[in-house]
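Here subunit A shows up in two complexes: once beside subunit B, once beside subunit C.
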Partner chain A sequence: MIFITTILKEVMTMYNYLITLTGKLRNNGERAKRPFRVIMEKEIADHVSSWRFIILIAIIALTCMGSLYTALSNISQAVKPNDPEGSFFFLKLFTITDGTMPSFTVFISFLGPLLGIGLGFDAINSEHNRGTLSRVLSQPIHRDYIINAKFAAALFVISVMLLSLGIMVMGAGLVTIGIPPTAEEFMRMVFFILLSILYVAFWLNMSILFSVLFRQPATAALSAIAVWLFFSVFYPLIVNLITRSMEPAATASPQQLMAFEQFHLTLMRVMPNQLFSEATTTLMMPSVRSLGPLTMEQMIGAIPGPLPLGQSILLVWPQVTGLMAGTIVSFVIAYILFMRREIRSR
Partner chain B sequence: MIGSLPSCPYPLCLYCKCESTLFNFVVDIKKRQKQEEIIMLSMKKLTAVFIILSWGIISYGINAATAIDSILLYTPFTKISVPPGESIDYTIDVLNKGETLETFDLAVSNIPRSWSYTLKSGAWNVRQVSVLPGEKKSLSLRIEVPYQVNKGNYRIYVSAGDAYTLPLTVNISEQGTFRTEFTTRQSNMEGHAASTFNYTAELRNRTAEAQTYALQGQVPRGWIITFKANGKQVTSVDAEANGTVNISIEVKPADQVEEGRYVIPVRAVSGTSSGDLSLEAVITGTYKMELTTPTGLLSTDIVAGEERKINLVVRNTGTSVLSDVKLTHAAPVNWEVTFEPEKIETILAGREATVTATVRADKKAIPGDYVTNLEARTPEASSKASFRISVKTPMLWGWLGVIIILAGIGTVWYLFRKYGRR
Partner chain C sequence: MAGNIIELTGLTRRYGQFTAVDNLNLNIKKGEIFGLLGPNGAGKSTTILMILGLTEPDEGRVTVCGLDPTASPVEVKRRVGYLPEEVGFYDDLTGLENLVYTACLNGMTRNAARENATLLLERVGLADHGNKKTGKYSRGMRQRLGLADVLIKEPEVIILDEPTLGIDPAGVREFLDLIAELSHEQKITVLFSSHHLHQVQQVCDRVGLFVGGKLLAVGDIKDLASQLFGEDPYTIEVGISSTGKTEPETIKKDEVIKALSQIDGVKSVREEKGRLLAACSTDLTDEIVHAVMNSDLRLVSLNMKSYGLDDIYYHYFEGGDDHV
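Right, the complex of A and B next:
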């Protein structure tokens, strides 16, 4: 956790250094920084030094350490003969578990929303309540810089954090098992981290939306957590309730069974965490070839084997598109609401 | 005669009609014996006088005459028929019928020069023999007939001095040789190109001396011939005079041998003699083929619902002509495989034919690897090639996703322009 905070600070200094360097190169170092960048840097600095972020990062880092520890202690059992994923030994670090602790990917899918919500629920309303918003807006800047910079700063922090976590897991695995990841494994891990960033960005946008909607930060936080809980706990229950009543008999025709399975899966795919877990499973287990129900016709002649990375990405592309669309939609709503809001100083 | 009285064999005997005449008969016999004795006495006196008278006159002449006649050489079988290379053992008895001891030289004459003989009594070679009057001596004569001898009758004389000559006839039953015989019972064998031909041959040394034979076989290029004697691989063998060596000859045809009849001359050569044998190996044709690609790569990729052409090579690796080669396939469900051409008329041995297979994957095929078996088949042989075909999903849906995302970003951009920069 201290490690990540340090990394973030280092990144910030490097970023500043690069800015000044490019400024010097342009020979206009005297010019003031662009207001968007100023707001963003300020936001990042606020996040990094806030207790809220430190606690969140501590929770996530510790649970990931725990899952990494279980993965490392069980990695010897993970290697089986005739495993089509035998050449993707390194990826197992992210997926295997002995049942006592969920794996790294499951933790990200569970705690990632919390991180996004935590960084976004008070983005607008706290500024509004403190009266700082009108003060900032009295400066000659565009109004949308505020919401954009808030989002960008939180996303930047999340990206650096998840990247460093992933690299930490890779490094710890490399030290422990001594086998370097192949290029494809590395690419898969990078895509997994990008996917996680996208997933957290979705929740971040949702909480920013709530922070625009509700004046009280506590209300925004609670409603965001309610949405998260609804999707992680209640929605699957409701889907099960609905589908159980519709379940065809065991003697039903294959077409009916197929249609039912498809329907169930469609309902489940409303959940962002379902989309995320499908995408991570496909990325981290290259032998996954399909995410829906399959007919026997499709299975005849198929031999188990890992998919190439491009095919895996193509397979989860709908999920990625869905997550990205969700992110954009919530951002657009938050943006419109914020832009139309009347901001008065108290 | 007395003893035989109860059942007298003489029908004219007058004395055996009844027992009562027995006494009379005995008396009568005694009378007759007395009369005979009287006659004999008078006769002896007469001959004695005669002998004494004639002794002085003809004693010497009679002596010589009796020596010539009294010696006799005797053997029971005087004409024997043998094949060349045999030896004949005669047992010759020398009889002295005369009154005096006879000593004379023994000689075997008229024997052909290449023949050899030994005349022995017991363990000794005998040149001269003495025989007591009225006795006989046994001699053994061994005549060895060489291999190189003409067919026919040969007369050999065994003479005891000048006194007696015993003619012996040896009939040579066949034309003799001085040579090596190299024979096999089964010189012809049939098998396919991959089989090994094992011939069993006999090498018979029919010369008078031990020989060392070098063994050679003239095989076509690529063939392997090995000789084995006593289970060991050899290049030469030793054979004693008149000895026989069993040789097994192993012939392995060349790898790509064509069908046909092959004659393999085999020779066993020593310094003085040689034997020839000709073996025959009849190679039957084999039917083998291989279905592969020009590069040997048996994997390809395909986009679901689209076509992929695969170049195939049907290679005739057998030794016979393959005709009517049909191409079949076993692909996953809803996959289509067509061949161009569908059938190959003939492929000569060692040649190959090219076929193009067009594979169309199912639209609903899931990404990943599928197995498709392609097979080339004739009634005689078949070859299967398993292709690992990686199915890729079409990019269409991927682009659709990209368009949706771009539309979203475009909306955001539009909003920026509309609201942000007021």
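Right, the complex of A and C next:
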């Protein structure tokens, strides 16, 4: 929680500062800013005006439009009688697909890492290579301001971007299908976007960690992409290899089958993308009741129906915690490495 | 001690087995220009990093403006401006924007920062280039912008690490004059590291000679010469060659060396590139000539050396390792 507390502390001190300074504005109404804010503002400006960010946002906006288009052209087929999710018509915008184009949620889980890696892989090492790090560090600021501000700025940019994308998709859906979302649907979408921000923050932190570890931005970017590819392509293959060799016979006892399923799931849940997709599925499809195997015993007597929002969130809480833990662990490692490093020029 | 703005006592910094800075004691007075002179890898940069609190010393104490940089780095960095070796700027920002950014980090408002930055750009001679991106700056312009960047926080002390590296001679001269001028005008203490003796001599009030992590001598240039060569200010260079007789030259040479060493007042005799160098406390030319004449060798040349700055340099940085 180090970074969250730091940021909160920063916000609090900024707030206090603001209060003490109210009325004491300088000549033309301008106030000196706190160094943390100065760095953050510069980082945000850098991100927003960089080609990299424009390219990333273009890719993501295009895929969003694509998925929205397929969702809209297939939405009429998605409405079935007696559907337990019938009352969550609007959410289908984010999840349905005709099989040719992945849905919005799948796109986010695929492109989110790219966004996070893209904004973080040269955070520290490029400053070092340009020789600006030692110059900035010799200003009266604490060393952790730099890494905190860089993280906060990238997170801010990502949040604004994902929030506006999500709201734009909602708006486009609203205009096209003409059915407004219910309050619960809206809340679910907000939670989905928050979850996506958390997911992208995980990859952002990992790439910041690599930017502290490696002096060359290209190496850092490649290693971060390697981790991403490993988790999205190779890791599931490896898990399948392992579990296939352990697969119990068809005649095995239910307990054995259950234990095997649980084991398989546990292995899969090491992947951040698995955690994210489980969490989004539950949030966006309210009829999902469990993310693990259920016995017939547990199913008997259950009336198919959507879960209330609170229950859905409760169901994905472990996943959310896991993602948060991953994010914090990589930030802490990056933070410690950065604080201990001796900064020489170039 | 009053009047000292930087005090280093027993400062030591090790990297594994290697001792970069070894038990360094140094005081720098307020308002002076101090040159830290030493070859590459002598520990100058490490010392500077410790003064700034960017690296922690293993032993010893640093006091800057009465503050301990390890305990209150931010306060120290508020008072000390640092121009790193090979200073870097954000290439996609203009010179002015780079300065404004630094000023804002020092708690200035944006408008005040802009005003100060414009004034400073004029001062360092970059007024016409303030709106050019720093990526297009030449090496000399970058250094001058670096100086402006250091000055914008209105520091009490400025530390320049190899500021003249890679600038052409005319540029160096201009740059050093600028430093001296600014220091005298605004009463700023300047600590300036370099391995160029002549540049240090040009502007510095006092010089510290720094080799292998140790401070060998401190003082103005005159003091340095007497500190380093005080015992043997004269060196007489004797060129000899054999007279062509059968005996091998080397044996003869050894004899001459022995003879020279026995002269009263000769401190040491060594051979260098076929010539003998005798270090003496007074002018012993006559005695030496006699000694050579008495041997079977022919005296080819005779030269008395007095020490200049170059000798200080070579004595310590190149030939004088045994002295350390």
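One rule holds for everything that comes next: the second predicted complex is superposed on the first by the 314 of 346 C-alpha atoms of A that agree within 3 Å, B and C clash if a C-alpha of one lies under 4 Å from a C-alpha of the other, contacts with A are read in each partner's own complex, and residues count from 1 in each chain.
Following the convention adopted for this analysis, contacts are C-beta pairs under 8 Å (C-beta built on N, C-alpha and C of every residue); 3 or more make two chains touch, one makes a residue touch a chain.
Note that this is a predicted model, so its numbers are computed, not measured.
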(request) Give one word, clash or fit, describing how subunit B and subunit C relate on subunit A after superposing. (result) fit
(message) For A:Glu342 in the superposed arrangement: first (subunit B), second (subunit C), both or neither?
(response) second
(message) Just checking: does A:Pro35 make contact with subunit B only, subunit C only, both, or neither of them? Give me first, second, both or neither.
(response) second
(request) Please indicate which partner A:His142 is in contact with in the superposed arrangement: first for subunit B, second for subunit C, both, or neither. (result) both
(message) Just to be sure I read the superposition right, which of the two partners does A:Thr132 touch: subunit B = first, subunit C = second, or both, or neither?
(response) second
(request) Considering only C-alpha atoms, give the closest distance between subunit B and subunit C in the superposition, rounded to the nearest Å. (result) 6
(request) Could you tell me which stretches of subunit A are touched by subunit B in one complex and by subunit C in the other? (result) 142
(message) Could you list, by residue number, the parts of subunit C that touch subunit A in their complex?
(response) 45, 49, 52, 54-55, 73-75, 77-78, 80-92, 101-102, 104-111, 146, 149, 153, 161
(request) Flag every residue of subunit A that touches subunit C in the complex, lowest number first. (result) 26-28, 30-33, 35, 38-39, 42, 46, 130-142, 342-346
(request) Note which residues of subunit B are touching subunit A in the complex, please. (result) 331-335, 362, 364-372, 388, 390, 392-393, 395, 397-398, 401-402, 404-405, 408-409, 411-412, 415-416, 419-422
(message) If we count contacts the way the header does, which residues on subunit A are in touch with subunit B in the complex?
(response) 142-145, 289-290, 294-298, 300-305, 307-308, 310-311, 314-315, 317-318, 320-321, 324-325, 328-329, 331-332, 335-336, 339-340
